[in-house]
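Pasting a structure below so you can have a look.
A, B and C label the chains in the order they appear, each numbered from 1.
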Amino acid sequence: MSVESTLASHGITLPEAAAPVANYVPAVITGSLLFISGQLCLDKGTVQAAHKGKLGASISIEAGQEAARLCAINLLAQAKTALGDLERIKRCVRLGGFINSTPDFGPLPQVMNGASDLMVLALGDKGRHARTTIGVAQLPLDAAVEVEAVFEIA
Amino acid sequence: MSVESTLASHGITLPEAAAPVANYVPAVITGSLLFISGQLCLDKGTVQAAHKGKLGASISIEAGQEAARLCAINLLAQAKTALGDLERIKRCVRLGGFINSTPDFGPLPQVMNGASDLMVLALGDKGRHARTTIGVAQLPLDAAVEVEAVFEIA
Amino acid sequence: MSVESTLASHGITLPEAAAPVANYVPAVITGSLLFISGQLCLDKGTVQAAHKGKLGASISIEAGQEAARLCAINLLAQAKTALGDLERIKRCVRLGGFINSTPDFGPLPQVMNGASDLMVLALGDKGRHARTTIGVAQLPLDAAVEVEAVFEIA
């Protein structure tokens, strides 16, 4: 089953990839690696109120996981635009997860699992990645989560 | 026009690359990739008072953009030292932007544009990169901005 | 002298590599690169009280350096598990250092030196890496330090 069919079977349709808002690009291919810019938890083109703010303050762990999941969906949308076809993905190599959090919010990995679980749901074993999760002081648009990715491609 | 001529036409001379201050190196080449250590907004060898502190507190967006621009200039200075000749750069693959910011400072991307714009000014289309921008709790020397880079090289 | 013999001569035995706690893996090999997930300052399988909390508050610089050193040891433990043999490492390409710190803690690089020094102790000149050090709002398990790595391998 293709990646997009798998996503569809779980009720997920990839959104149109967000356009860059400055002098950078959403994705760069170098050799067999695809680097994708940090993706915010955009939903229908905007960061919804439910996914704004800090874990440990205004955002619940569940809302944070949903935000992380949206970041992963947006990474795949960017990969599709860059590659033409998600079947070219051989492996998700690395995810970098940035959680907008208060200085005392501990369960950062649980939040990031929203992104990791989506990547494995979409790609199966090819979706199992190295990852780094940190809690940051602030993110663009006061988004709750931002995730960047490196993929190996064919 | 060469990268350095282009920079010169905009009044920019690359500084001498900063020496590492510990058991690490400014740049590592692996295959066709050049990884450059995070560069602070050093100007004449030091972080000037105007580029110290946090966005959202003591630093204006304009000063932050200037700090980000200095980081990009320092990345190119390190690339020149590592490569001998900036013409070996085929592409700026990725910039990672770290903005020293208060927990409520939103316009992180605008600050980081100071680095992205300089990279495109210097390298043209080869300078268009994937990027990730986050707001962090603190940076070395209380610098306002730190930027790291991956380049593809010939 | 092998990497492990060198470590042993300094009284360091690599621990068993920590298992992943979610839908990700400790390490991914792509081409000649080995990406290792961010490693916390685990000691005997847990983050000891001495290595929990923020630099600038409950943790001294010396304890932070020790935490960073533990992260580097855990990175090598993961590399050994991924590679079978640490002699396959040709170069430590990059370390990303994340220091759990208060907004006013300046000496981030000194803390990160605990990781850099260990890498050079273990690998000699092959251990000299590009690095980025930032102070973050929070880390998983309230760990004082997290470090991620990219290695070039044979």
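As a working rule, a contact is a pair of C-beta atoms (placed from the backbone, for glycine too) under 8 Å apart; a residue touches a chain by one contact, two chains touch by 3 or more.
What you see is a predicted model; the values in this text were computed from it and never measured.
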Seminar exercise, completed: Matching the CA atoms of chain B with those of chain C requires turning by an angle in degrees, to the nearest 5, of 120
Exercise. Any idea if chain A and chain B meet via the same residues, over half in common, or different ones?
Worked result: different
Seminar exercise, completed: Distance in whole angstrom between the CA centres of chain A and chain B is 25
Seminar exercise, completed: Check: chain A positions touching at least 2 other chains come out as 31, 102-103, 136-137
Exercise. Once bound in the complex, which stretches of chain C touch chain A?
Worked result: 21-28, 30-31, 35-38, 54, 96, 98, 102-103, 136-142, 146, 148
Problem set entry | List of chain C residues in touch with chain B within their complex | 31-33, 56, 91, 93-95, 99, 101-106, 108-109, 112-113, 116-117, 119-120, 127-137, 150, 152
